[in-house]
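Got some structures for you, see below.
Shared between the two complexes below is chain A, which pairs with chain B and chain C, respectively.
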Partner chain A sequence: MFNFGILLPDLLSILTVVPRTIAMAVTIFVFATILGSVFTLIEHRRIPVLRELVIAYKVFFKGVPMVIAIFLAYFGLPPAFEFIASLVGLEINGYATPSWVLLIIALVGCLAAFQAEVIKGALNSFDTGQADAAHSLGYTNIQMSRRILLPQIVVAAIPDLATSLMVTMKALSLGFAISVVDIFAQAQLTAALNYYYLEAFVVAVVVYMTISYTITRGADMLERSLRVW
Partner chain B sequence: MNVSTMIPELLEALPLTLAIMFVALAAGFCLALLTTTFRVRRVLLISTLADLYVSYARSVPVVLQLFIAFYGLPVLVGAFGIEDFLSANLAAMVGLSLYHGGYLSEVMRPAYLAVDRGQHDAADSLGYTFQQKIARVVGPQAVHIALPGYGNSIIYLIHNVALIMYIGAADVMATAHLIMARDFNQYQFETYLLLAVFYSLLCLIAWMIIRFFENRASIYTLSNKPAKFSLTASV
Partner chain C sequence: MLELKNLKLSYGTSQILNGVNFSVKRGDVVSIIGPSGTGKTTLLKCINYLVKPTSGTIDFDQIRMDYARPDKATIQAIRLRTAMVFQQFNVFKNMTVLQNVMDPLVVVQRKSQDEAREIALMELDRVGLSAKKDQYPAQLSGGQLQRTGIARALAVRPDVMLFDEPTSSLDPELVGEVLKVIKDVTSSGITSILVTHEMQFAKNISNRIVFMDAGVVAAEGSPSEMFDAPANPRLAQFLSTELETQ
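Coming up: the complex of A and B.
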């Protein structure tokens, strides 16, 4: 029933895509964090019209399953690219956009909404008394953010950021629907060659759990070494 | 695209989708109760297994969990002598229950731990058994703390029900794919927009129900600090 001999070849085959998956996950994570920070800044500063737009954006992306968002990007972005290019007078073929680019854009869009919550939570943990103290010492806003705010909220956000990096990793598994090959898709492709589906998927589970364990432990160690008080 | 004929067709697949969802909700809840009990009581070996199960449910993509259930069930059932057993709907129920149970356990445990330490101690010193303590003292307070996290987990379950079409269950997504294929794939973007609205409505209804209970449960609260639930997506 369960072929143990096939596990090692499957593992070797799946390991070949691990660097690519991690690279894509990190890219998405970085862009989503940047976009999420911009959203948090807009909400924090209460910029009139943009604030409502950000709230609507968040409601949309939290209510819609990620698969559907990915398909929307897959079918909606190429014509949108062509349209935008035609506005500046360029003639491009939007349908030639590689699907991994579309996947990255879709996931950055989805995860930015959640990343904004993570950053907002970290920002709320900051004691505003410290900002007042800094201002009374004559710090400018930028100095205050760089020397007092950032070092604290970065440390406070580490556990949640580690979780969301893992979430990004898992979200990439939905990319197989638009033919992007990550760990899960590679497991499926490997299994399709030798028909040992369960075995390949079990190997993929082990790979995912190992990566998750590494990320969690790494984040713990980072937090402990950065936390000064 | 003819929306007026498409919506009834999609709604025909709704009962199956909801059935799978409710089975996962109920089974996942029982599973989470069991897992959380083992995790907070530290039974030798069983607690470690419970921890391992929760980290499986949380660190493996739901698609992969569904496929594991789909291909794993026949092997499991085959051990009891039943051959050629392959059911997408049952696999979807099992896979989503396992996912929801693990996710929910990670909501219940912080809620249990967030109830004021003194309440646990008082119950213990009065000689309450574990069941009595949960039922009379800690449980009612933990419910209030856990409700926001429970609402999130239901919404994530609704999101992940959209994935069961990949193992071949005939849910709303699969029906939409059939309709798209019948229309020669002309209106894919529009169909997915419709699906987005559809799932948003489902989430909105779930959210409103949870909000109703949140307001009701607030009568049990002492001055408990809310447990911290990080709002990260779950796929």
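Coming up: the complex of A and C.
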């Protein structure tokens, strides 16, 4: 029997972790996008050596399941932190690093590879004739990027960026593996206390859908208001 | 005023420019004609360094550069004194017609918004686009886009206008309105270099014709010398096929 009465308490319990989940998702999204932009810039400018490193990085992180990246970070980063600290003569306890920090680092690592492709796609959609025209009129690269390139590729990237924000939010549920509690994990924990698993996950689905609908609508509105042409 | 010497350029193994010598005097209207793939557009884009020749020199009034040793400041100095009209229009898609014409004045020439607007409106009037000034490129026809490109180029008050096949990607019924504007520009006395396949138009507006073939200037002269009594057999052959297709 589906217990309707449990839905409200479940919802209230799950809502307590929504701000944390969104905050982590946004943090990961921002850092992954910045890192991905740097990768794209390196590839676009064909900077030797760095470019090969970026390509290798992308092959690795696009191919490795995120849950493995999370475990690699969980077991690998604390000793790595201790080692790096010892190089500068510091003694720290790497194992005291909170799990959520390790989760954020792992997911930034994975998603930067995907963000790089999103940004590359937007960059490729820009027709370079406009850059030629700007240069012929004496624009510097920076002036051209600021006035012409960026306004166009930012708008072109909005739908894909919104999608990757949602992918990021969903990827946080993998944090359960290293005991970071997000929406999914909270549903699991709530149900573990009262055994109403179906109810808890139905509530979780509703919460996820509400957030993703809001992001999609927000992105659509943002795109419409920026795409003046 | 402008002189290019021994310009060479190759992409991989294919030699596009094979030692081109080319010069323009102040007030000249020079049309560059020739078969497709002979480097006409490439030559034009060497002037403002949108393509990079491997060797050769440019003399532009007091500005001088050896293409083997390109120099940012010199390239910029040349770009500030020239303006180009492109085959693919290349208007800025994120700006209205008016903003397209104003932006280089504000960003590059550091003019005030008011001054830039005044100049832009004047140039838009000249190309007959005043009514479209607040439209975005996506809402315009090819002919209107190209006239925007011409207004944008004129607004910077260049010493030399570079027209790169300005009507080649237009629907036939739109060619006329653009040619009319170009004719108006060239007859105002501004030095112009025009790469074109419109033979009759080139003959009418130019005081000199340059015929390029296989990466070199194969013949040059006045329109009547070149069109009415072509001495160069390749030119004669080219003109007969061109006039047939037109």
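Here is the rule we go by: the second predicted complex is superposed on the first by the 229 of 229 C-alpha atoms of A that agree within 3 Å, B and C clash if a C-alpha of one lies under 4 Å from a C-alpha of the other, contacts with A are read in each partner's own complex, and residues count from 1 in each chain.
We take it that a residue touches a chain if its C-beta (ideal position, glycine included) is under 8 Å from a C-beta of that chain, and two chains touch if they have at least 3 such contacts.
All of these numbers come straight from a predicted model, not from anything done at the bench.
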item: Simultaneous placement of chain C and chain B on chain A, clash or fit; value: fit
item: First (chain B), second (chain C), both or neither touched by A:151; value: second
item: First (chain B), second (chain C), both or neither touched by A:129; value: second
item: Contacts of A:137 with chain B and chain C, given as first, second, both or neither; value: second
item: Contacts of A:118 with chain B and chain C, given as first, second, both or neither; value: first
item: Comparing the two partners chain B and chain C, which touches a greater set of residues in chain A; value: B
item: Apex chain A: angle to the C-alpha centres of chain B and chain C, given in degrees as a multiple of 10; value: 100
item: Least C-alpha distance (whole Å) that remains between chain C and chain B when both complexes are overlaid; value: 21
item: Residues of chain A defined as touching chain B within the complex; value: 1-2, 60, 62-69, 71-72, 75-76, 110-111, 114, 117-118, 121, 159-160, 163-164, 166-167, 170-171, 173-174, 176-177, 184, 187-188, 197-198, 201-202, 204-205, 208-209, 211-213
item: Chain C contact footprint on chain A (complex, rising order); value: 127, 129-130, 132-139, 143, 147-148, 151-152, 155, 228-229
item: Chain A-touching residues of chain C, taken from the complex the two chains share; value: 48, 50, 76, 79-80, 82-84, 86, 88-95, 103-104, 107-108, 136-138, 149, 152-153, 156, 162
item: Chain B residues touching chain A - in the complex, by the definition given at the top; value: 55-56, 58-64, 67-68, 71-72, 75, 78-79, 155, 158-160, 162-163, 166, 173, 188-189, 192-193, 195-196, 199-200, 203-204, 228, 230-235
